[in-house]
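Structures given as structure tokens follow.
Each of the next two complexes has chain A plus one other chain: chain B in the first, chain C in the second.
== the complex of A and B ==
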């Protein structure tokens, strides 16, 4: 990863196009292990995506009339959006309640969230059967205003705009557009507030999508409070991803990170771990309350009951304690492990709602297992997102300091 | 407060307000319709069904689906298993071994008074017509939430097509508009199916039960299940024995999502106000100052006072 280019002088569209094309060129070594692994995946994935559009969903997925949503909705979209929750949580901590400490990770978290929405929520276009109609709820063919999905669709779209605005000053710095940067920066607080309201609603809205699957989702998972659970879990899901991504990026983009940030880094991770622990314990407590309230004891000593316990004890309560212990002893590897477990727990939780605990009583041969093609396409989406993320980090001030002119001291 | 700051606040308040009104759930079409209109439907008397599968054939003919073979030999093998409706079969006859011997039960879309599928649809492609039919239209984007939201597992998706459709019984809406009864009803040789307004069908069902109290269980399936359906069933044996779910309750399915929908306008209005307040309260160095999206903590920008 090389030096950042000098601030360009962009006066007209031609300058911009020229600058942009120059910036498109890759930086640094081409044959890194990451590139060597992801490039073939993306090539294969691209072929499979074309095949999916030409031959229909059944040709590449194992979806059925019994299990209409699979890996793409369950992991890419629903888990992906929960993982992107870090964007609104960090924005809240930094811009709303003045958490100065976290300022240095704000841009990275917001960029991750923005790209996650573009690629993971955007990945929904692969899964909707009649994808050419995807703009219908936006253009009013027709407005299904009473539908939860309508709200989720609009909020995805609007949040993309809000997160884009939150990140846009960094892009303006990269382009050297001083006036534009000023305007965009003045919109940040508004965008953050709007973004948090949108996130609250669509994170919980994703849970509300399943509310009419009553009687199909196993009683251990179905409750009228699914939206609340989805919202709360998006907080620690998002923060775990921030921890995980920060720990990795701290190594990968080492030379971009200045001394000051490097010193404050363990502190930030420990604090994030603490927040995770508190929210996770609250979530666990809620889960227990709902369990007792719904009188779910009889289900516990069944295979689905053991599966439920694995999720709720093994992948919520245990990582919660790991966060506590890791924060007390300032043990960063332990916090990283805790965040990994938490992320797996969130994946399990979301997949349960979509196809594991959903229609759990259907015979084994009717059950859904993703095809290898579904996995390859999922990995393709992740790879493309990471490539774009790296591209942005290497060009814009995400981890590094912004250019001098953008810093106005008072 | 300077002008820019004012505009910012107004901007978020306005966005909240418009979002709120746009998304405020109103009484759903289905609810209105159920109050003022007569829904049409079909009364299915399972004590009369002889399992000839002529309704299946008629349904296929009317809807341009692959015509099933309903010769006696085929019927014998086909009527061994419990089948589901598919994307090429809107209606199927299923055999059940009960305490009163073998009973045949036609299965198809129940045409709920307040359908979950229609409430789930973000483009109103799935619609409850004022005449009672639940129909599907081409503006659908294929998200398949209707399949997840249907308590009877009725909407089917064409997975094998590049241009797929959602397929299900539409109570022969096209024929209805021309003044014709549904294909299956016309084809039934045993008068097991009866087409009419829901009110009349319930009256007729109750009349049959009253006249033959020993023959029927005293329940019309679909009168109150999921707040009522346009397909109504009579049975000689408890409905569990002939493949009906008795755990669905009488709550209309759309109501399961209204709790969330009611919260939407509140959050959209309250959140921005609370957030602004919090941001004001936690701000150091006076109200004129605000931070912006720079990567580092030490830079602060003076608002133009």
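== the complex of A and C ==
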């Protein structure tokens, strides 16, 4: 199926509600391996989320006053935002520098980024002790303009709006709203520019947040250039996620992908692999530069030093050359493997900043280890995001071509 | 900066950082060519 299914014209709210309820019904097989694995996780996770709000953070996490950040901030929020970087990078390549080749993956990348922000950044609510105060920076009860978190909160919120606007023409097509689609499409370029500006700021803003913990982060990871490193790493982290998701979606949603996209797909993946390789190479040099600048030689021959080398060589330099070799030989499985290693490297890097290399002087047995409930809630957030992503892909023109009336003639 | 500054210390003068940047700018060109090279 290459054309989106025809939708009835929606004239009023009642039509919309009817249509939406009809669309909520599942499509396709219910007992798939993905559903069978994720459904029980989500059910258990939802129970645990209710328990977390009823009994507080201490009941479900190993966090304390001394160790305030754990798996949720480290993985869901900080890693999730880096992974969402693919949205602004692909939007930049398509809408700003005119990379038409990548047009067929733009909507998928933007949808992925939008949902990542909604779910992963939304995961902050779970991690804030007094979660009802989370709206304060927005409503001005206590803006907290001196806090980096004020900056991060507004950036997250505004980027969600920008990414939502970038994707909104697809939603208007799904609803069959021609006039609305025209208005939203005219806003896309503005939203893209706004979104890119916000992304550069808040990816580095998260790094700035880390740079405030100078005495707590291990010297091998601490540098005054953390914001720069966070921003650059978000480029290849985001693109790796785009490669990973595209390769999987290309198989899962193959009946929605038209012949033209199918033919150009290997070229797109190879090009993305090349971009990842070059950016990772630059990032590696920057890391070397920081290392030399801070004269961190004495720390290298220590357990944390080996951990650092694992991250820098094993999960940056080696995947970088895997991307190179994969691009040279047009070996897509190798590029997929490289993107997987890169994603693991980013997860490790962000978790290092948040709790592994954080408070590094304290004994191992006093360190923070996530509880099983933290893992289940994290898996729940990921699963719900994937379910919503699949729901959107099955109904909107994400991989398939938009309806005839929506295709812009130049 | 800690310690005594001397014009002979490549670290104190940040000479090493300039060298790394110059090396990077040279290597990135070769690297880009390498990335786009077809295997034999």
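Definition applied: the second predicted complex is superposed on the first by the 403 of 410 C-alpha atoms of A that agree within 3 Å, B and C clash if a C-alpha of one lies under 4 Å from a C-alpha of the other, contacts with A are read in each partner's own complex, and residues count from 1 in each chain.
Keep this in mind: contacts are C-beta pairs under 8 Å (C-beta built on N, C-alpha and C of every residue); 3 or more make two chains touch, one makes a residue touch a chain.
Because the structure is predicted, anything quoted here is derived from the model rather than measured.
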Identify the partner contact of A:297: answer first if only chain B is touched, second if only chain C is, both if each is, neither if none is.
neither
Where does A:34 make contact in the superposed view: on chain B (first), on chain C (second), on both, or on neither?
neither
Tell me which of chain B and chain C touches more residues of chain A.
B
Quick one: is A:188 in contact with chain B, with chain C, with both, or with neither? Answer first, second, both or neither.
first
Which partner chains sit in contact with A:144 here, chain B, chain C, both or neither? Use first/second/both/neither.
first
Of the partners chain B and chain C, which touch A:306 in the superposed model: first, second, both, neither?
neither
May I ask you to decide whether A:398 touches chain B, chain C, both, or neither, giving the answer as first, second, both or neither?
first
Residues on chain A in contact with chain B in one complex and with chain C in the other?
none
Residue numbers of chain B touching chain A in their complex, please.
4, 8-9, 11-12, 15-16, 22-23, 25-26, 28, 84, 86-87, 116, 119-124, 139-145, 147-149, 151, 153, 156-164, 245, 247-248, 253-254, 256-257, 259-261, 263-264, 267-268, 271-272, 275-276, 278-279, 282-284, 289-297, 299-302
Inside the complex, what are the residues of chain C that reach chain A?
11, 14, 16-17, 20-21, 24, 27-28, 31-32, 34-39
Listed in rising order, the residues of chain A that touch chain B in the complex are 53-59, 61, 63-66, 68-69, 92, 94-98, 100-101, 103-104, 106-107, 110, 124, 127-131, 133-134, 136-137, 141-151, 153-154, 166-170, 185-190, 192-194, 196-197, 200-201, 204-205, 208-216, 224, 227, 260-261, 358, 397-402, 406-410
In the complex, the residues of chain A that touch chain C are 274, 277-278, 281-282, 285, 288-289, 292-293, 295, 324, 327-329
